[in-house]
Structure formats: structure tokens, C-alpha cells
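See structure below.
By letter and in written order, the chains are A, B and C; residue numbering begins at 1 in each of them.
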Amino acid sequence: MNADPMITAIEAPPAPRRRLRVPLAGIIGAAIVGIWVLMAIIGPYIAPHDVGALVDDDVFGQASWALPLGSDYLGRDVLSRILVGARYSIGVAAAATFLAILMGGTLGMLAAVSRGSIDMALSRFFDALISIPSKMSALVVIAALGSSIPVLIGTVAVICTPGAFRIWRALAVNVAALDFVKVARARGEGTGYLIREEILPNIAGPVLTDFGLRFVFAVLLLSSLSFLGLGVQPPNADWGSLVRENINGLADGALAVVMPAIAIATLTIGVNLLIDNLPGRWSSSGEH
Amino acid sequence: MRNKDEIEKVEMAGANTLRLKDAFRRGASRRDVISMLIAAGMSAAAASPIATFAETAYAQAPRRGGKVKVATTNNSTADTLDPPKGINQTDYSRITTFYNGLTTINEAFAVQLDLAEEITPSERATVWNIKLRRDVRFHDGSPLTSADVVYSLSRHKDPAVGSGVRVLAAQMQEIVATGPHEVRILLDAPNADLPVIFGEWHFMIVKDGATDFRVANGTGPYKCKEFRPGVRSIAVRNSEYFKPGKPYLDEIELFGIPDEPARVNALLSGDVQLISGISPSSAQRISSAPKVSLFETRAGAYHDLDLRLDLTPGSNLDFVLAVKHMLNREQIRRAVYRNYAVIGNDQPIDPTNPFYDASLPQRPFDLDKARFHLQRSGFAGQTFPIVVSPAAFNSEDIAQLLQQAGRQINLNFEIRRVPADGYWSNEWRKHPIFFTSTTPKPTADLAFTLNYKSDAAYNVSAWRNERFDSLLLEARSETDISKRREMYGAMQRLVRDNCGVCIPVFASYLDGHASHLKGLRSIPTYGLMGCNFAESIWLDQ
Amino acid sequence: MNPPLVHLLASRIAAAILTLGFVSVAVFVGTEILPGDVAQTLLGQSATPEAVAGLRAALHLDQPAYIRYFRWLGRLLTGDPGRSLVNNLPVAELISSRLPNSLILASVTALVCVPVALVLGVTSAIWRGRIYDRVANFLTMSVVAVPEFLIATLLVIIFAVHLRWFPALSYAAGIVSLDQFFRLFALPVLTLSCVMIAQMMRMTRAAVIDTLRSSYVEMAVLKGARPMRVVLTHALPNAIGPIANAVALSLSYLLGGAIVVEIIFNYPGLARLLVDAVSTRDMPLVQACAMIYCTAYLFLAMLADVASVLSNPRLRY
């Protein structure tokens, strides 16, 4: 366990500590994320079977040497399906989350720095966006743009943006009211400078936490959008959809439903462990 | 086949029903039976033995009392108590709980008189005279009269009603009351199947002038105590029901649980006693659990892969034949349906139908033949989209198995999943290759007429075949059973070899019930006894 | 009440009306863009062109879109949200039978989740880096990573099918006793909590830790205040803004996003009504649901902003 420097600072005179050292938990997180990212890249090439091939006469088959994670509801290899699904769950969700944070975060900070009518307009716009039924938005998107991976990324991003905006704005507003920001403003610094140099560094911890959570929601959102027809097309499937299509095996504890769920959980925990234990000013554990 | 023996026993009881029994033995459809009944004047006396065998089929006398909760597959604000507007099993089940039809269809696939006491055709089945029972009352106490029947049947023609069977109703040119309990119907062409059509859920009888369907005022076995669309309905026993002894239960609460695992869990936890629409992959869970039973209805329902013959690539018959040979029917039956299905042969008449032609050779899964036809079609190596949707059952799974087979012979299918929402109005039939879910039809004639005739509204593959059309019309007026069997056989062959509809299997309907719920029998028009379970089920406690 | 707060409230209410107007236009345009209409969905597989045309005329769907919109708006302004196109029942009646259910489920869940999440968040911020913090984070993250439908189905299989402690369905009519109430709501509330607690807890933890870095907290530390006291009296009040926003976002999810729970537990709430209405293209009903959802969201967002302003004196001008 790493003893947190802030706590140490509060409890006792500061002990000399090596700076910028990533704690063990962070290394574990990075390792998990690294493995999954690697799988996302090479998954389809190392998958033992074709993602759509029926390789087992039995459905929801148990693990065996040939099928290390058993078979799914049609008799397909679960391991191969998870390996191939990795790039959809990780790639699409990560891209969409970055996009959402880029849009929501930037506009949130802009609103916080600008205040006044820009703030009002942006805030109310995102309030309106969040109030439009998401099923309707998704169906409208499918009808207007069809179903493809870029459209899927865009849709997930748009659904995640208003929430990101609200959190980033709330964090930035607090910082923007602090004295050093006022001083900078009085110095005549531009909005871009204020956001980049004064606001962003001071809200880094919580917004990274927000990123971690939003990423999880994006991974889970994929399966509901796929179910609507917007998203990954069969025989490929993202992890959430793998859980959904095998849900009937849950009562018997079929690996086909358990394993994709574990994949999502490990990815989530990995990402958030990493975020919690980043070194330097990005740390959300108090070090700065 | 316990039921069939009992059917025969009962039929033996009436000497003048012997002819019927023979007819059944020979595999006559209820249409043949009707023509015999017609010949005999179809009096209530002649019809009653058929009407009573259903009750005597029990080994055990039904008990009265108790409450049952039933969960079906659909639940939405579009739920309705207005028979013409019914669109799914939930609606049909409510309709049969609160209303009756002039006729009904029983487990022997035979027509049985219900509100009608006598149905007599004249002028070669163009004019039909219906005599109603006189002992029937609506739930509000008013007696059933011819005005109610005229009103109920005429409504279907009004576009504002939005009837699902407007096409079938269109043939009734004139519907008039000829007495307080007599109705005469004039058709635009002869149709001996009219009594079958009256047994259809949409044609159930409502009160004359009824426009408010927030509660049901029918003649059915239960009265409507509560109805909230998208939530539930509560039905309480109609103590003045015209069928003696029926119904058995005090109350039926009916609602839909669209999520299949949730529905199955609700049965297993004892929260509900009867559910429909069990997916084959849950069947094992139910059959192995204590105190609940699986109930399979073999019927002619099929989930067809359709190739439009007027669009590329389906316009090339070789391509169609290649696809038909690429369907691994055994694999589909095993993997997708867990063997709760019967292998299909790309034609819509299933083995439960008396006119099923068993001599028609089964089309095998044969990739060599498929490759041969594919080469001849010139489409080898190309990619074609298949449109699938959760709205068309199992379409996604069947398409994926076909995709796998395609890879082996150098044909690529790209699966395009579209929303269930709006599938039937926006996607269905608008692409070269897509899926349909087809419900069983009570007669071979209807199965062909509604889905395969050149000008049929649901001729999904846009198939045009003059010989088929003329055979269909000939068969309709042919009274010699062996000749008709021959004609229907020829039609099955024509569809199998030329049409763009691929039917890999006929799927069973799977329902589940608490073991102490009794009285369910399979009626091959739909699951849950053809959605007509309400008056027959009872609790053994 | 101080003047800036009054000003804030007044401008927010004005803005809310504009937002609602904007949402209603967006929803209307959305239902227009969606392929298919009420007539087609009502007829389903039997939608022949002439049958659709007939039904369309009967439902006045053949009128130009803007006329239908303004007719609906005009009625709404007189307090009548119209009738459902699908079943001809008054929209007000449909809503009033579902809204209380949604509110009950949302309140019970909020009562359970918010305190748990805040306590977990603040305590793990205090003991950040310790084993307690690690375990709390690990557990909440593992739970939030599981798809909601899987949690719900798993809970039903364990507690309803096998143990038989709770019913598998949570239909709310005719609850007579507290015990019954508890049994009906246990599983849905537990499912929703799994989804909600993580977000609120994580944001609380992050926001509290973040404020611990600020100079005035360091000042308090240097003055020798105890860590618990530092967090509770110095850091927490300054973190209320972001926390309130995270809570508001999560709570707004409870009204419109409880769809999975409503479906699996067969609970007749607003979310399913909205999804039904979208599926059947039932414009007046979609509008009414969207308006309610929007109002609730704006109200929660306003509360969050008021909380931010009150908690941070610097924002009061």
C-alpha cells in the first residue's frame, strides 16, 4: 500500500519521498489496460476460431482444452468472440469518451470562464440535449445516417457529452472564482490561456475520475445501441452484447455470460486504478 | 395421442358423426368437415358432438376457483380490447377472455360453432346464413342479437378502425340482419372457408355501437374488471357464461413481460402461473425445474428468409436455389431451436396440416449443389447484405449460420441489423434479402392465398406463377379430397422450387405453466391454445 | 435570500421555459424524422398502403406537420396535453397512472443511494490510499461495470427464484404493509443502487481530494487541524458544487433511465411509457414524457447550481 503523501503531510512532518513514482496499484491498472489494448489490436489474429463458426454441438458448453472459455448460445467459441469483441468495446468506447470529454470538457470550461450569456446558452443547450429521449435520438441517427462504426462513436459521444459538460463546468466554476484566476484575468490573459494554464491543471484529478466513469458508461451503452441496430454488426459483437445474447445461460452460470462480464469489469477496474494512481499533477490521490 | 382416442370415443357416441370420424381419419381438414356439415344442413345437433369433445378430453374433472397470473410477450400503450385492432398475442389472449367469435378453431384443426348455432351456405358458398344462439348475454346484461354481429363484422371495412384483417373482411359485400338472431352475408366470390375466418381473433363479436374500449363488454367467459394499456388487465368470472360449467377460475390477471429471461424467472419464482414465448434456449431450464412444466405447441409457424425475385440477386433463380441449398436445416434446428422445431422444405404447409405432401423430397444441405448454382448465377465472390431484426424472430441467428455456409463456397453475406422498432413498416420487404415471421394459417388455402398468390398483399418475395394461381382457385372449389390433395401437393412443389421464400424449419410455440395449472391443450394456430386458454384452464390445488 | 440567488432563480425559470420550448420542437422534429408513423405501427404486419392511408386520415396525420405542432402546443398552453394517438386515452390519465410509480422508485432509491454514496466518497477521501479506500473503490467499480440487465437478472435468479425472499415482479398496486413495500422494492432499488452509487461516490471522493490541495486547506493543515476536521469543515463545503452536480445527474437518470429495471421487474413507470411512445410514434405522449423529464432535470440542475452558489461565497456575485 502506498502511504499517501498528503495524509503524511497532515499527520507528520513531510518525509522525503521519491516523486513521480507510480504506486503498485497504478502499475497493476496500467498492466490490465495494456493487456486489453494489446488484445484489441491483435485479438482477431490470435483468436483460435472464427468469430462466427459453430465449433461445439453443445450450447453453453463447459470449458475444455479446445474451448478454454466454453461455447456460447449457438455453440461458438467464447474466447474468440471476446478477443474479437475487445477492439469494439475498447476502441469505440475510448474514442467516444475522448470525443465527449473534448466537446463537453472544453465547452464546460469555456462556460465557466466566460460566465454570463455564453454560460447560460451553453448550459441550457446541454440541458435540452439531455432531455431528449435517448432511444429517439438513436433511432433518428440510424434513420438519418445508417449504422456504421463512426456513426456509433459519434452517437455515444453525443450521449455522453452533456454529462461531461455539467461536471467539468461545475469543477471549473469553482476554480475560476479563485483569486489566482482573477489575477490572471486582470492581467488581461485570454480565455484560452485561462482554460489551459489556470483551470485545467487545477481540476485534473476530478475530471480524470469523470473520464473513467464515462468510459464505463460508454462500454455499457454500446450493447444497448447494438441491440437497437446501431452498432457492431453480427457476427462481431462488443462485450456488452456478448453478455446480452448469452443471458439465458446465466442461471446455469455459463461461461459465455460470465466471461464477457468479467472482461468489462477488469477493463473498468484497470482504467480506474490507473487514473487513481497517476503520478504528478494528474494525480487524483492528492499529490501535487 | 390420448386426446385423439378420446376424440374418437366421443365421436362414436353420435351415430351421425361417424362420417366425420372417417373424414378425420382420412386426414380431412376442417374444411372438408364443413362441407359435410353443410351437406347435412349443419344443425346444432350435428355440430354439438364436435363441440363437446373438448370438455370430455380431460382425464380429471376440472376444479372451480382460484386466481391465475399470466405473462405474455408484449406490453405497450398500444394494448387494446378492441378486437379488430389486436396485433399480438397479448391482445388476442385478452380478446378471447372477454369475447367470443361466431366460431372457434379446436385442437383437431376443426371449426367449432361458438356464438353461431348454425351456419349455412347457399349459392355455392357465396351467400351465408348465420343463426345465432339465443341464450347468450353480454357482460352488461343485454342479449346477443344480429345487430351486434352486423356491427362487429362491418367495422372491419371502416379504415378509421384500423382493422388488421381488413383484407379478409373486404370479401363480405353485404352484411344484413334478416331477423333478431339471423344474419345473412353476401360474398363477392364463393368461399367455403368463411366459418374458419370467423374463428379468427379479430372477428370476435362486440356490442352494437360500441366505441369505448376502455373496458370490454363482450360475451366471453370473463368480465373485464380492470384494463390499463401497457400495465395489465384483470378478468373476473362471468357467472352467466353460456357454456355450462365454464369458466373455471375466479380471476385471471394478464400482463406482458417483454424481456424473456424476466418472464421465465417470474414463472420459476412462482409470481406467475402461465407464460408464453419461451425461447428454445430457456426450455431446458423450465423442463428441469420442479413444479413447472413446458408446453409445446407444434404449429406451422415459420421464420422465413426471403429473397425478392424482382430484385438482384433473387431475380436469378440459380442464386435462390444456391441459398436454399446453403441452409443447414439440421444445424438450425439444433443450434437455434434446440430441436423444438420440424425441418422445413421451403414451402409453407407443415406436417400438422392434412394437406402436407410427405412425398415431396426434402431439400438437403448440399454445398456442392449450392456451389454449382452459385457459379451458374454468376454471383460467386460477391457480397450481399441480409437485413435482420429482433422483430423477425431468430433472424439474426439464422443469418449468421447462412453467412458461415456462404464463406465455404465463396459467397459473402453482410448482416445488417436494423431496429425492431418500425421494422415491419420501414425495412420489411424493402431490401433484396430479409426475414419475415409468419404465423400459422388455419387452412392450406389461407396459407397460400395470403402469402403466395401473385396478387397477395403479403407475397413477400414478389413471386408470380400463373399455374400456382390457377391451381389455388381450382382447389378452392374442388370437393374431391384426393384431387385436392394432388393439387395442394403440386402447389407445394411449385413453391419449394420456384418461390423466393426459404423456410428452414417450422418452429414450435413454447409456453410454460405451473404444474398445478391444468386444461391446456395445443391448438395449432398459436401458442397458449391459440391464445384461447381463458375458458379452459383451471387450478388443481 | 440574497439578491444574486433571486436573480439566478428568476433567470433560470425564464431559461427553463425556453429550454422546454426548444425540447418540444426537437422532440416533434424527431418524431417526424423517424420513419413510420402511428398508423403504420398500429397496423404492424398488416399495414397495406390503403389501410395506412385510411387510418392516417382518421388520426389527422395527413395534416401538415406545423399545423399539428401548433395545435398540440395551443392545447398544451390551455393545460391539455391531448390524447394518445395509439389508444385515444387522455395523456394526462396515462401519465398520472405512471408518474407516481416512477417518483416512488426514484425517491426510495435516492434515499438509499445518496447517503451511502456520500459517506463512502467522503470517508474514502479521508482515508485515501488506505486499504479501506482501495476496497471501496474496487467494489463500486466492479459493480458499476456489470451491465444493469445482468445485475437485475442475477438478483432475480438468486433472491426470487432460488431463495424466494423477494418477488420477481414489482408491480406496485395495492401495497398494504411496510413489509410488502420492502419486499417489492428491494430488488429494483438494489439494482439501481449498483449503477448509481459508484458515480456519486467516485465524484465525491475526487472533488473532496481536489479541494484538499487548495491553499486554504493547506493553511488549516499548517494550523494543526485534525485530518477529519480538515476534510469536513474545509474541503467538503468547497466540493459541494461538483458533488451536487454529480448527484443531480445521477438522480435525473432515475426518472428517465430506469428503463431496464422497469422492464425486468415489470414495474409500470414513466421510462417504459416513454419508450413505448417512441416506438409507436405517439407524439403527444412522447412530448408529455419528455416535458416531465426535462422539467425534472432542469429542477435538479437548478438545485445543484443553487447548492454550488450557496456553498461557494465567491460565486455569489
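Observations
FYI, a residue touches a chain if its C-beta (ideal position, glycine included) is under 8 Å from a C-beta of that chain, and two chains touch if they have at least 3 such contacts.
Here the structure is a predicted model, which means the values were calculated and not measured.
Taken together, the touching pairs cover every possible pairing of the chains. Judged by contacting C-beta pairs, the busier of the interfaces A-C and A-B is A-C.
Note: centroid distance subunit B to subunit C, computed from Cα atoms, is 41 Å.
Chain centres here are Cα means. That of subunit A falls 21 Å from that of subunit C. Spacing of subunit A relative to subunit B, judged by their CA centroids, is 47 angstrom. Each of the following residues of subunit B touches two or more other chains: 261, 421-422, 426. In subunit C, the residues that reach two or more other chains under the touch definition are 34-35, 149, 153, 157, 161, 278.
Touching of two or more other chains is recorded for residues 139, 143, 247, 250-251 of subunit A.
On the subunit B side of its complex with subunit C, the touching residues are 71, 75-80, 85, 87-88, 158-160, 162-167, 214, 228-232, 255, 257-259, 261-262, 265-266, 268-272, 421-422, 424-426, 428, 457-458.
Of all residues in subunit C, those touching subunit B in their complex are 34-36, 39-48, 50-51, 53-55, 57-58, 84, 86-87, 89, 94, 97, 149, 152-153, 156-157, 160-161, 164, 167-169, 171, 263-266, 268, 272-273, 276-280, 282, 285.
Listed in rising order, the residues of subunit B touching subunit A in the complex are 260-261, 279, 281-282, 285, 331, 334-336, 338, 388-390, 396-397, 399-401, 403-404, 414-422, 426. Subunit A contributes residues 1-4, 6-7, 9-11, 25, 120, 123-124, 127-128, 130-133, 135-137, 139-140, 143-144, 163, 166-167, 170-171, 173-174, 177-178, 202-203, 205-206, 208-210, 212-213, 216, 219-220, 223, 240, 243-244, 247, 250-251, 257, 261, 264-265, 267-269, 272, 276, 284-286, 288 to its touches with subunit C in the complex. Remark: subunit C residues 11, 15, 18-19, 22-23, 26-27, 30-31, 33-35, 128-131, 134, 137-138, 141-142, 144-150, 153-154, 157, 161, 198-199, 202-203, 205-207, 209-210, 212-214, 221, 227, 230, 238, 241-242, 244-246, 248-249, 252, 256, 274-275, 278, 286, 289-290, 293-294, 297-298, 301, 304, 308, 312, 314-315 touch subunit A in the complex.
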